[in-house]
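Below are two complexes that have chain A in common, paired first with chain B and then with chain C.
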Partner chain A sequence: MEFTVKSYRFNPEIDEKPYYKEYVLNDFPGMTVLNALMKVKAEIDGTLSFRRSCRSAICGSCAMKINGITKLACKTQVSAEIEKFGVIKVDPLGNMPIIRDLIVDQEVFFDKIKEIKPYLLGKTDHIDDDFKALKEGEKIKQPVYYKTEFQNLTGNNDTPNCILCECCYSECGGVVANSKYLGPAALAKLYRYSEDPRDNDKNGSRLVNGSKSAGMFDCVHCQACEEFCPKGISPVKVIVRMHEKAIKNSITFSKGAKHIIGIARSIQETGRLDEIKVAVDSVGISGILNDLPVAIGAGLKGKMPPLRLKLIKDMEDIRVAFKDLNLEEKHD
Partner chain B sequence: MLKHDVIIVGAGLAGLRACVELRKRGVDAVIVSKVYPTRSHSGAAQGGVNAAFDENDSWESHFFDTVKGSDYIGDQDAIEILTSEAPGNILELQKMGVVFNRNDKGGIAQRPFGGQSFPRSCYYADAVGHMMLHGLFDNVLKYNTKILYEYFVTSLVVDNGKISGVVAYDIREGRFHGIAAKSVLFATGGYGQVYSSNTNALINTGDGMSVAIRADVPLMDMEFVQFHPTTLKSTGILVTEGARGEGAYLLNSLGVRFMSKYAPKAMELAPRDVVARAEQTEINEGRGIDGAILLDVRHLGKEKIMEKLPQIMQLSIDFEGVNPIYEPIPIRPGVHYSMGGIKTDNNGRTTVEGFYSAGESACVSVHGANRLGGNSLLDTIVFGRRAGIDMAEYIKNVDFGKFDESAVRRDEEIFENIKKSAGKERHGLLKAELQEDMRKNVGVFREESLMKKAIEKIEELKERAKNIGVDDKSHLFNTDIVEAFEFKNILLIAEIIARGAIMRQESRGAHYRNDFPERDDDKWLKHTIAKLNASGGIDFDFSPVTITKFKPQPRTY
Partner chain C sequence: MINYAYYPGCVAQESGKELDNSTRFIAKKLGINLIDMPEASCCGGGVVDGFDHNLKLYINGRTLALAEKLGYDILTVCNTCTLTLSEVNEELINNPESLEKTNAYLSKIGLKYSGTVKVKHLLYIIRDEIGLDKLKQAVTYTLDGVKVAPFYGCHILRPSSVVKFDDVENPSGFEELIKALGAEPVSYVRRTKCCGFQTILVNEVTSTSLAGNAIYEAQQNKADVMVTPCPLCHLSLDTYQGVAAMNINKKLSLPVLHLPQLIGVALGGSYAEMGFSRHNISFRAVMSKIKQNKLK
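And now, the complex of A and B:
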């Protein structure tokens, strides 16, 4: 089968602006998009530039947009793409500056990974460790950890399987909204270490740091990270789990945590969402004053939320539900 | 010019492991890698890392299995270190944050692997390389290590037998740099891309070995190339030995578990050289299916497959269109691992003072003529650690050597000349020709007549390589020029493998000669040492094998 690869091209050293270039190829059974790009490079145009390494979906080098959808080129079949789209259109990842062609600048992404302290906290680095070479007949005694202690770290789709390919980051709505946002991969890594039984995080510093501005409460819950992860991991799910964990541990200084608590309180008290009260709970009076122009604009357009809410009819059910949740004392 | 006490070239497991030792001692060590560290090929290791933990197991048994697996050409002092330090090293990794699957007693779970007399491969599902790579990398971040990634090392700079640094090409900026150092470690991995149908990453082009031998550092035992028995038929992607460890069968076209003929006791869990030859024999004798053999895991059941082998399930679906829960996987032998490499001592030291190597790029030798599954990850962490500690000591008492900056200009010129060349040869096509020829003529079954054809081809390609031109003349992230240089590296490695294989007139481990089918301890119980001579040809020499506890015996499974 003859097919066309249409690639985004831009080499700022030479080109004034980006353009697309088309290459016509013949496929072979099982041909992947990475195979196609490599064929272009080897046989037709050596200037086409992209990253690649393992070609088996474990190194995370070849993430790119294929027909508009962020994927690993090595694990995407040409035939399936042609069937759906009639062409292989490739573009660089989003949310990162483009260096050249399909190659993006990943520095910020990796800086954010570094920022979450991706290692066990506590005293683990003494040089005179108890490392031991065994003598004849000697055995080693190993520390005991039960399966259950690692239960959130050993499933097929658990966060340690993340390959840092940046697919999630490329599609993340939170990063679009705030370029400083840590993003799904870094937060998934934060979760991975916060769930590790060996982590000696005495004062909950991980969740405290993760709660800071541009941290886990800046997730916009768009679910893109889950949708685009080539390893079946759901960063958004663990981000939500961390929200819960933070609030349960009284780490509630962040706007995001206050917002969640405010919503819960409003529903608990009235069965309804009292938007004004939630806003006060989240950002305080001064925050409200900052947002006053927006509120006035909304009010003028008839979008003003009611100042006082009526209780819903089934308040008793709500109270029972909240009693079961047992949130009350945790809030304060 | 950049200057650091230690340069670590390559950021796979061996490099990162050494780096942790250096950094925790406060040494100014920099990582130089042609890819970002987590892209390194160590991450593709699937099945396991060996260490004797069980009360019914012993490191001495692991020691013997490895000596026997090496077909008695592994150095026993080194293998003793490898196996006696194995459990301690695994626990060190665990302390650093690496997660291993657990058994019911709360210890590290272990699975059987080929050529091992006890289930002693520790694992994290079927992605243990990934787990270890990311775990170690996280520790390197912890020590705030400087990482020059997407830097491609083109030369060693040596002054009077002592290392003074490296020349590296900054791929992103398109600029050459000299980097001075008191000590340099090459943890640059293998050369799988010398062959077509390999399990290796595209980056595995034998760069470190080539750069080392050009700097007069000898390579050892390069003719021993491991063929992994189970790689996906269409792509050569690895299917872990852990599948057979968990109980998978190998079937021929008649549906017969043919290993009963070749290794009646060990069956599918015979060492890789034995299984690869058995498969190739079945295929050659007409009992294959489309040039492949079947790996059957169906009887393990969906639950076990999903729990223990999730990655290979997904790889089979994505790359072979086969769901192993319902269908056997078509597989064939493919090039996987380099037993040979830069000759080192038990601390990673080479013949050049201050220059070290560890991991697949090194040859200590712990793998001899055939590496056992689960021993390569172990090699990286045991000898990566030892090299790191030794380097930290070494640099205390030395100064920076004289750095001859003309080396930088020389490499710059090589690149510029390739760019300027009007030559019409495309390195991508030459590489494909070389890879296919090596597969056909220096493969699982070797004989002089075929290997001489390979040499002819290599000589032809060396001539044609003089006319390589590149399309990309720019500076910014020019991967075309990097690939052209990588081709020169694999071409050199191919020649060393082929010439060494012709010379070794016996069959030992992975090196099987149809024309010399027996092991010949009288003549060939010795290491092959390769060096470049003044005219660019390859000279061979030999060095003795260290035998301490186990006298060579016939090797059956």
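And now, the complex of A and C:
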């Protein structure tokens, strides 16, 4: 089968602006997109630049956008892409500056990985934190592991399997919105260490630092990291687990934590999501005043939600759930 | 008539009532019987999991059990409700331990869940169960000449291991529906991206930039109107459109409709019936164009 590779090209030393170049190839059974790019480079155009190494979906080097979705080129079959899109259109990873062709500058990604201190803290290590969440002498609640469970020591959800390929980071809606946001890979790593009982983080400083602005509460829950991880990891799920752990350990100074607690409290009181109350709980009165033009605009259109919500029918059922789970007073 | 346990979600009952009204309007026209569940609670807005995972299981397990008791599948009109209910359904069906503890709670309130309910979004109920042919037949005002930018949002597509309605890499259900109404779907990259709503109260500037850029791209592609199957996306895209324009420093003025409003217009709904006056950006100009396209 003859097919076309349409590649993003840009060499800042000679090109004024980026362009696409097309290469026509013949496929072979089982041909991957990486095979195709290597064939282009070897036989048609030696100037095409891209990262690659293991060809086995383990080094994470060849991540790129293939027909608009970030994938590992070595793990993506040409035939499947052609069947769906009719072409192999390749672009560099998103959310990172482009160095040349399909190669991006990964520095910002690895800076964020370094920022979460991706190693077990020893007894003499200290994390700088200006916020003490727990009382003097109190230890953060940590899951207890037994020897038989050591094979799954680092929590779960396969976070240690991350190959740092940046697929999640490239697709992350949170990073698109806020380039300072730590992003899914760094946060999944934060989870991996915050769950490890060998880690000497006694005062919960990992979760405290992770709760700061541009941290775990800036996740937009777009689910792209889970969807497009080539190793089957779900950063968004472990980010949510860290939300829960932070809130249960009273690390609730962030707007994001307040937002979550506000929603839970609203459900406890009315069975519904009280839009006004949740907004006040999340951003406070001053935040609401900042948003006054939006609120007035919505009000004039008749979109203002009711100030006092009608309880759902059988509201007592919901109270039983909160009582059963011992959640009644915890968030106050 | 096809019966569904109707789960409008909180926003459609509060600030987004026009979504609930237009859903009821088109349901009647398309032979969908919506059975109300006044006992159903909030799904947790996509974030209650971060408060307590079991709470998410309990309150949504309860909603699933209520629908099972009625004997109907659940019809949703909100992406986030769809994902949350689907996630809980998957967990209860596949994890006996979760089902057992949820049923222990449900037994205290006189309910039980055995995992027979399916959670379906209106968009895909129309495509898969009502059928686009039937929809076409019901059209009284063709949307011929109207360019519609579909904004899928996240939770109706991702994660595809849980919400399995469409091809996550290249979805087409929304476009097919738009074509069935006679309109022309606008193709643009951000149709499947995030609207930013989940962090709108955490970081408004960055959050609204996502919605703003999607609107800008649709505008650049000559869209007359943007349509979304999710009321949370609608808040980001319509209510916050002015803020988004300021934050991305672009001129934005694109009417944004809820999915059943677009269908409702094609099925003869009036400006008032569809509740368009409740929107921030006026749909009047496009509406008058459509009103000239009467078929029967």
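The rule is simple: the second predicted complex is superposed on the first by the 296 of 332 C-alpha atoms of A that agree within 3 Å, B and C clash if a C-alpha of one lies under 4 Å from a C-alpha of the other, contacts with A are read in each partner's own complex, and residues count from 1 in each chain.
Rule of thumb we're sticking to: a residue touches a chain if its C-beta (ideal position, glycine included) is under 8 Å from a C-beta of that chain, and two chains touch if they have at least 3 such contacts.
Only a predicted model underlies this, so the values are computations on that prediction, with no experimental measurement involved.
By the touch criterion stated above, A:217 is placed in contact with chain C alone, chain B being left untouched. In the superposed model, A:60 makes contact with chain B only, not with chain C. Judged by the touch definition given at the top, the superposed model places A:22 against neither chain B nor chain C.
By the touch criterion defined above, A:85 lies against chain C but remains apart from chain B after alignment on the C-alpha atoms of chain A. In the overlay built on the shared chain, the residue A:111 is in contact with neither chain B nor chain C. Chain contact summary for the complex, chain B toward chain A: residues 24-25, 35-36, 38-41, 43-44, 53, 55, 58-60, 81, 84-85, 87-89, 91-92, 94-97, 99, 101-102, 104-108, 124-125, 127, 130-131, 134, 138-139, 141-142, 172, 201-203, 234-235, 237-238, 306-307, 310-311, 314-315, 318-321, 426, 428-429, 431-432, 470-472, 474-480, 483. By the touch criterion given at the top, residues 67-69, 84-85, 173-174, 176-178, 181, 213, 217-224, 226-227, 234, 240-241, 243-244, 247-248, 254-256, 259-261, 263-264, 266-267, 271-273, 275, 278-279, 282-283, 287, 290-291, 293-294, 297-298, 301-306, 309, 312-314, 316-318, 320-322, 324-325, 327, 331 of chain A touch chain C in their complex. Across the interface of their complex, chain A is touched by residues 10-11, 13-16, 38-42, 44-55, 58-59, 62, 83, 105, 108-109, 154-155, 158-160, 167-170, 189, 193-194, 196-199, 201-204, 206-207, 209-210, 239-240, 242-243, 277-280 of chain C. Against chain B, in their complex, chain A makes its touches with residues 11-14, 29-30, 32, 38, 41-43, 45-47, 49-61, 75, 99-101, 103, 106, 110, 113-114, 117-120, 124-125, 127, 129, 131-137, 139-140, 142-147, 149-150, 153-154, 156, 160-164, 193, 196, 198.
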